[in-house]
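The structure under discussion appears below in the form of structure tokens.
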Amino acid sequence: MEDVVIRPVAKIPPLRDPILVEGLPGVGNVGKLAADYLKDQLHAEPVATIYSRFFPPQVYVNEDGTIRMVSNELSVHRPKGEKARDVLILGGDYQGISPEGQYELTHRILEFCHGLGAREVYTLAGFAQGHVVEEPKVLGAATSLARVEALTKLGVVFSRTDPGGGLIGASGLFLGIGRLFDMEGACLMGETSGYFVDPRSAQAVLKVLARALRVEIDLADLEAKAQEIDRIAQRVHEVEQHAGEAPGAGPTTPREDLGYIG
Amino acid sequence: MEDVVIRPVAKIPPLRDPILVEGLPGVGNVGKLAADYLKDQLHAEPVATIYSRFFPPQVYVNEDGTIRMVSNELSVHRPKGEKARDVLILGGDYQGISPEGQYELTHRILEFCHGLGAREVYTLAGFAQGHVVEEPKVLGAATSLARVEALTKLGVVFSRTDPGGGLIGASGLFLGIGRLFDMEGACLMGETSGYFVDPRSAQAVLKVLARALRVEIDLADLEAKAQEIDRIAQRVHEVEQHAGEAPGAGPTTPREDLGYIG
Amino acid sequence: MEDVVIRPVAKIPPLRDPILVEGLPGVGNVGKLAADYLKDQLHAEPVATIYSRFFPPQVYVNEDGTIRMVSNELSVHRPKGEKARDVLILGGDYQGISPEGQYELTHRILEFCHGLGAREVYTLAGFAQGHVVEEPKVLGAATSLARVEALTKLGVVFSRTDPGGGLIGASGLFLGIGRLFDMEGACLMGETSGYFVDPRSAQAVLKVLARALRVEIDLADLEAKAQEIDRIAQRVHEVEQHAGEAPGAGPTTPREDLGYIG
Amino acid sequence: MEDVVIRPVAKIPPLRDPILVEGLPGVGNVGKLAADYLKDQLHAEPVATIYSRFFPPQVYVNEDGTIRMVSNELSVHRPKGEKARDVLILGGDYQGISPEGQYELTHRILEFCHGLGAREVYTLAGFAQGHVVEEPKVLGAATSLARVEALTKLGVVFSRTDPGGGLIGASGLFLGIGRLFDMEGACLMGETSGYFVDPRSAQAVLKVLARALRVEIDLADLEAKAQEIDRIAQRVHEVEQHAGEAPGAGPTTPREDLGYIG
């Protein structure tokens, strides 16, 4: 078996100077939330399914009893308009589960997208602040100074100190290995607490991305999801307050729900 | 050395639309118990031995002092009757001991079986409920809705919520990677506590499988084994009760016997 | 770099039906002690050095300040006499440090030795009893019943129950993978406590091996080493006794010396 | 993706009998400090960038917001003078993060440097003494007795007992695998406590290396860095003294600063 198997879903038509957008699971699931939402809103069409021995040996069972193997998925949005550029969106269940897997998956997927004409890549991620962030900023990192400047104009914050340890995982490697393919790009990181999934941070990221891609996205559903998380977080907070006053008196904490809402 | 070495035991005659049945060690050893019992009852003949660097570096010593390397084994049952279909049974000592090994072993074995004409696969497994199950149900997952419906008629339960985390390991991958070979199939999971080997759960799985394969299997020996486990479990229970009343007074607990009865 | 690099030390002359003897580090270091002693006593000549990415990334520094990379080493004993058979001896610093490495190293070394004409292999090991063994027996496992019988006549014990978990590591794999090369052989396991290096167990193994190989070995130096270990073990015992009577009163225990005497 | 990607930065002119100097992160960061300082002082020019799936999947963000993937880097110093030899300097962010990665990276880099004409290699490292060392000595290990003697004259200490466990990682492998390329060389190990980065130990190493390479290096900046570390270590010491007298009274300890000063 090949290390990475890329199965085209259908014949792929020539793309118009496509931009790749990557959003896989990670901190606060911000990148995945944003990429999946973008795909839904733009009604992007499936292009290819990616299987790999670098994913867990796992199969999901759908509600109807049918199965699907864990995978990444590449979709395409082909906007109308003579000068419009196509958008490739990469989402999925997992990043590679070993360092070597991370490198190999990123390389193979970039190679495939490069073959489809992609020369530009945006990676979406969360940036863990360790505390609740009311109005998340979007931090950035880019492959060139020109891009740093362009994104600064869109409100992206380039900090001298953050992220101090650099970018770990797919969001970093798609830029770094992208350079080996002469691709340019940037990483958009939404601030988040890092404690639970964060649709509000994903919103912040998508606002910037929409301007960069010149597409329009209705963020209402994502806002609804963010408010749902807010309500649960509030409930957790109350339960914990209560528990502090009378230990053992409160209901079992619903904290663990938070991790699974997506 | 190749990652996976498949050694045919003898020249394999053309098979008649064979169905592959996989049962390797796992939760409650249900899958392995069922596959090994099926092989014995059907007097299936060895077809190939599978060695791999993805198994532990281990050799077993038989009672007569001779050795054999850990392996998986493929056997074939060739029933009489003009329209009968052959059954390939995969059993063995281990699943692959790394995620990559799981993928590679599954892929190579499926490739081999596909070469023998197999287009259909059943995987057998246990489903850990975390508590004793008096009358184990058989849960299912399948590659198509048509199969979900067909198996529902045989008494298989397709739950909206179980297994929530999907299928981990060989029982899932043989279906998932099977799809890459255009194979159809289903996983049959016997409910089990997850605490010890469970011949009763294996019985439940075999009852369904026998109907699906249209073969007849005498389950008497498996029932005897189940009753033996029942007796040991009962003894463990009594010892623990006793220990609760007068700590340290009981004999050493026989609990550890439970894991080794197969 | 190849996974396993086998560097011939000099041009190897045609060998006369050579027998391979493997003794690498393991339980009580019995196998390595025996193989190294055999090599010294028979004045075996170096044949090849084996380097591998499956060994630790480590270089030893000799007493004179020069370095050598961790390796395995193959030597040859070419006895006089018309009908004499040559003996290849494999020793070294490490076994492969991952399961995959174990398989690959064993396969490559067997392939090389098979190319030199070896069709028979003895593996030497310790068998941990968990308690001090005054007069260690030699347990066996073999590739055929004929060999079991022949070795029984030499005093080797073939137990129905030991080793219950089989043979783990090189001593098992050289037999198991040896079968894939149509090689026959046996594993000789000296009983040992498992707590420290055991020259006495190595002696027991060598006595059997010498008869099997029809060579003569003077075991005096190994006996001297065994008595040295006995003295240290005795001292440890006294210190611990003393410490039991007056905790903290004894000198620091010399137990850790035991692991490094070879 | 290749396991190791070596990207030449520019066309490399023929080198004059170049000597390779390796200094990667390790004990006290001594090797990396020394190699980086050497590169700066000699104004060595970049030759090649090395990426690998054996590094962490990580990208650094520069202060200006641009990114670079973790890498090793090879630079060259081409001194004037008819008989002068060129010096290749290998530095970088990481050593390989697995044993196999260590072997493969070392092999590929040596192969590349061998292709550039390198037949001699110095590796730089720290040797952890477990206590503060006021005037660090430089311990050595070499590929030949002649080199041991030559370096002894330069003040290098070859100890019968240190390093007892040998050399682990790149500093050992570049010598050991270097031998497979018929390269000669030595490892220079500066004594260090092992508790924090140690520019003073790096100074000691560079003094020896400068004489061996016949280059001149101004060590003033490294001395300044060493004094900065001394001041911080002194402060840590005072804080801990104080904390001992009145627990909880002192400011939060600045100990963790020590690890990050380079």
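Here the chain labels run A, B, C and D in written order, and each chain numbers its own residues starting at 1.
Here is the rule we go by: contacts are C-beta pairs under 8 Å (C-beta built on N, C-alpha and C of every residue); 3 or more make two chains touch, one makes a residue touch a chain.
Model, not experiment: these values are computed from the prediction.
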Count of contact steps on the shortest path from chain A to chain C: 2
Chain located farthest away, centre of chain C as origin (C-alpha): A
Copies chain C and chain B - interface residue numbers shared by over half, same or different: different
Interchain centroid distance [CA atoms averaged], chain C/chain D, Å: 38
Length of the line joining the C-alpha centres of chain B and chain D, rounded to whole Å: 54
Contacts with two or more other chains, residues of chain A listed in rising order: none
Touch list for chain D against partner chain C, complex: 96, 99-100, 102-104, 106-108, 140-145, 148, 158, 160, 163, 165-170, 172-173, 175-177, 179-180, 187
In the complex with chain A, residue positions of chain D that touch it: 1, 5, 7, 51-61, 63-70, 97
